Amino acid sequence: MTEVTNDAEFRKALDSLDATRQRLVAARFVENVVALCSDKRIARVIQVASDSEAGEEELAEALKAARATTFDCHTRCGSEGDWSEQAGYFVARAATAALTPMAQMPSGPAWQAALSSRMAQTSRSIVTGDDTSGQEVIQQYRILSEFLDS
Amino acid sequence: MSETEFLLWVRGPALQGATIIFLLGVVVRILEILVLGRKPNLAEARGSAVAGGLRTIISRSFADRGTLQRTAFTEITGWIFHIGFFVTLFLFAPHILLFEEVLGVSWPALPTTIIDVTTIITIIALLAVLIHRIGNRVMRFLSRFQDYLVWLVTILPMLTGYIAFHRVGLSPNMLIAIHILSVELLMVVFPFTKLMHAFTLFMSRYYNGAIAGYRGVNS
Amino acid sequence: MSNASLERGIHAFKEVIDAPVASFFSSCVRCGLCAHACLFYTETGDPKYTPIHKLEPLRRIWQQEYSFWGRFAKALGLSKPVTDDLLTEWETLVYDSCTMCGRCSMICPVGNDIAYMIRKIREGMAAAGHAPPGLIGATQRAVTIGSPMGVKLPALQAQIRHTEQETGLTIPVDVEGVEYLLLLSSMEIMNFPEFIAAIAKIFKHAGVSWTISSEAFEATNSGIQIGVSEIAAELVERIVAAAEKLKVKGVISPECGHAYMAIRWEGPNLIGRPFNFKVVHILELLDELREQGRLKTTSKETQRLTYHDPCQISRRGGVVKQPRNLLNMVAEDFVEMPETGTMNWCCGAGGGVSSNERADELRLKVFNRKKQQLDAIRPDAIVSACSNCRIHLEDGLEEYNMDMPVLSLTETIAEHLAGSDQTGSKQS
Amino acid sequence: MSKDETLGEALRRQGISRRGFLKFCAATASMMALPPGMVPVIAAALEKAMRPSVIWLSFQECTGCTESLTRSHSPTVEGLIFDVISLDYHHTLQAASGSAAEAARETAMKENYGKYILIVDGSIPTANPGYSTIAGISNVDMLMEVAKGAAAVVSVGSCAAFGGIPHASPNPTGAVSVSDLVKDKPIVNVPGCPPIPVVITGVLAHFLTFGTIPELDALGRPMAYYGQSIHDRCYRRPFYDKGLFANTFDDEGAKKGWCLYKLGCKGPTTYNACATTKWNDGTSFPIEAGHPCLGCSEPDFWDGGGFYKAISTPTADIMQAATYAIGAGAVAGVALGVANRVKHKKAVGEHVKTTIDDLEKGN
């Protein structure tokens, strides 16, 4: 039984995964925060990312959708920021990271997806005022542990 | 008024009058700008404003490659007619003689065939400039009456000078009188129009270069 | 109750006209070359976007008030007045179709600094009540909340906490006597919080002592975009007060174009006194660290990278060489766009255009200029140093179906720091 | 000399050979710029021409024109012509004087009424007829009387043609040219101070040959002689074109024979045949002698702003005007500039604070 308890272990474990498995675990991280995103496209993107049999074309399509969602969700310079919408933006970014080929993301798609998912949680906490981002980290450790054991 | 009297009037009182309006107007307009002044820059300088300003006075004569490619017609015709205008103005022997008479300094002249060819090229360039001004949507959009007036008073000395040199149509004295008169028209119009750029562009380029130079940018 | 009126606008025009403005208007020969330096013209073909034309109201006031023959003509009733209708017509030209990128100022053959004058005409437009609603909102939020995007301190604190968790580094807040006070743009806090992490890592690596101020963390300045100098000054004063309170040696302007212009070049002039601290752009500081040997990187990016110069940082700000030095440190294949450095083309969203929803369609249309530049060299990714450029580049690339990530130069450097374990985490 | 004698007869009587006669005809044709094919026509016409009666009136003049004609080298074409015309009245040359002279004029007029040629040198005073009289007759009266019966009038010299020196400013005698007074006769102007002798004979030859006056330019001058400017035919023209000028009368340029434009040469604006026919039997002409052309065959040459001033130079003190203008401009410019500054300062001083509440459109 694997147990990840800190970011060093967390990242090391992620780095050891191959591309497909990185994508699969990243999809689980995103799924954990998907409720924060109001854009319906993300659910479909996660579905594709979670599919270990997904074809290249399908993945590319999903990445495109994830990107488009990201651009639609970000807050433009000078416009009034809404942190609950911003949480959705980070979910979309996490989904984008999950689907980005490893070559384009040297720090690792899964790691980036995890970070953006945490940011989504932080954004939510800015709205509500209660700090729950620490819990997200713990949940991610749990998700990874389960993933490694499955 | 006989032709000779007309020529004498043009070479005498009319020239005096035109000179007075020209110089008075130019000096007034330059001082009017300079005295207005500007605030000192309190930000810490990265480069020299003076060096930048002086640099831009020269460098702005030459367009960057991209601009040159996009606006080749304007750039080339602009260069040609400006150079042509100054070559004929300052390097034609009878003109030099005028400057010598007034200023007491002289310099070598260019052969008349070169002046002649330059004049034709300049006139063609100026015609092209007009066609371009009318045909180009940006220039037509920007142009007002003054732009056409200035074009006219610029090409007139070139045309009348060319005709006077070749003595076509009227008596030579009359042609010369008309030529000198056309220059006087240019001088009178000068301070009230964009022709002032001949002087103020040095100030403008300096300010531009100084603003950029202060920030360490070569503009 | 707003006091905006035509009279106040005209009064402001009179105030902003100085010798350079008078000289510039005297020199214009209406050659139209500036149109070809402006992406709003080149990508639309509409001559009304000719830069000098955008200044017509200011030109009229100059002519009627500060030139002898113009005054004469005015006395005779021969001059065209500046009316409210005129300003209404010009509002979109002055705000929606100009990013104050200053490219026209670089090519004007008589040397007119047109961007300098756009900055000034906006003073009168704003005083006359002709600023765009989007910019008005941003300015009001900047003054009342402290950020044009409404970012409040708790939000920053949450991002700091997140970053500390992620990096395992402490983000110093309100620490007195350090070398540098770091400013952040709201964009970085909201969209690109990884910038804070990148700074933390680099400064740890290079041994730079720094802090963020809880009282003045915002770098941006809507006042210089909308054109109200006293509001701009008020925003600058907040930073000056924080810097003086924390007794820092320098203030760092982050990856934001106009913020650098506001604090570095306009700042002391806005508040009417020189600063007793230095202002550096983050790229200037990084390059300085590189020169001193304090910034070391290991691996290099293998992707084909290009650099998009944010106008206010390079052309209008003078930080041109530094990003190139830095990129060459971390990029194996760094390639310049055809027109670059001080002649770079604006992304199309600077100068407040991005805050102005009315201009959305136009700014995406004119992005075609950047597309052409990119098509010429086909890079794998674009590096830039302005969050606003970055967001707009992403928007534009999406609009034009171009698949190309946009990276922050600072973040890219951080990813390649020597001796960094990249996770840097000790805590759980 | 019989009055009925033809020109051919008169010439042969004087021992001129057929060959010599043809040579003269060829020279005349060439002078009049006629094609060589015209030589036999000229010869035939002159052979049969009756010696015309010529009345020469001299008014306000210096006799320079007559001197020029009579100082011709012998044997010359012009000499021949004068030998063959019937110069019935010329106060300088005729033997008769007083009432006899006037009687000769009246006789000639009566006998050849409508056929004689009137040659005039000198201008005619109009301010007061008493300024110049001959035998108690004012110049105006005599001119009008003689012109009435003339077939054609030839105004010899710039005074008769354009008013000349008497006409020069301030023109105290109110001098005018022949063409100012005579409006109903063909008038040929042969200006010059003095005119080239061969030009006068050429005009007479043309009249004898064709019975008409030659083609004239806008100033009434025969195109054959006044069709080109001195400048265009000047042997120094290449120096002008190259920009090589004499700056003084004794500098290196002057010694090298460079262009005299800077010394005031009016060649470019003067139309005459000096540069081609030259003077004193083709010896030289003023420019060849190192002196700029004065432009003596052009109207008002005396008032052209100075013989030694190039035509492109100002005739008034421009430097002084410029100095005043700059001075006045500096004063006015500073005054207006200060006014601008004051206005600007005032605007800044009266600055009204714009707050965030003032940004939205008021009213």
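Per-chain residue numbering starts at 1, and chain names A, B, C and D are given in the order in which the chains are listed.
Following the convention adopted for this analysis, a contact is a pair of C-beta atoms (placed from the backbone, for glycine too) under 8 Å apart; a residue touches a chain by one contact, two chains touch by 3 or more.
Treat the numbers as computed from the prediction; the structure is a model and nothing was measured.
In this assembly, the chain whose C-alpha centre lies farthest from subunit A is D. Simply put, of C-D and B-D, more C-beta pairs touch at B-D.
A simple rule picks the central chain: find each chain's mean C-alpha point, then take the one closest to the mean of all protein C-alpha atoms, which gives B.
Distance from the subunit C centre to the subunit D centre is 77 Å, each centre being the mean of its Cα atoms.
One finds 66 Å separating the Cα centroids of subunit A and subunit B. Subunit B and subunit D have Cα centroids lying 39 Å from one another. Averaging Cα coordinates per chain places subunit A and subunit C 31 Å apart. Taken residue by residue, subunit D touches two or more other chains at 332, 336, 340, 344, whereas all remaining positions touch fewer.
For subunit B, residues touching at least two other chains, in rising order: 28-29, 32-37. For subunit A, no residue reaches two or more other chains under the stated contact definition. If you draw each protein chain as a dot and join the dots that touch, the picture is not a line, a loop, a star, or fully joined; it has some other shape. All chain pairs that count as touching, in label order, are A-C, B-C, B-D, C-D.
By the touch rule above, subunit D contacts subunit C in their complex via residues 332, 336, 340, 343-344, 347-348, 350-362.
On the subunit A side of its complex with subunit C, the touching residues are 5-8, 11-12, 64, 67-68, 70-71, 74-81, 83, 86, 89, 104, 106-107, 115, 118-119, 122-123, 125-126, 129, 131, 133-134, 137, 141. Listed in rising order, the residues of subunit C touching subunit B in the complex are 17-20, 22-24, 26-33, 35-37, 41-42, 45, 47-48, 50, 52-53, 66-69, 105-113, 116, 264-269, 272-275, 278-279, 314-318, 320, 338-339, 342-343. Those residues of subunit C whose C-beta lies close enough to touch subunit A in the complex are 134-135, 137-138, 141, 147-151, 154-155, 158-159, 161-162, 165-166, 168, 185-187, 190-191, 193-194, 220, 222, 225, 301, 303, 349, 352, 354-357, 380, 387-388, 391, 394-395, 398, 403, 405, 415, 421-423, 425-428.
For subunit D in complex with subunit B, the touching residues are 218-219, 229, 240-243, 245, 261-262, 268-270, 298-300, 303-305, 309-319, 321-322, 324-326, 328-330, 332-334, 336-338, 340-341, 344.
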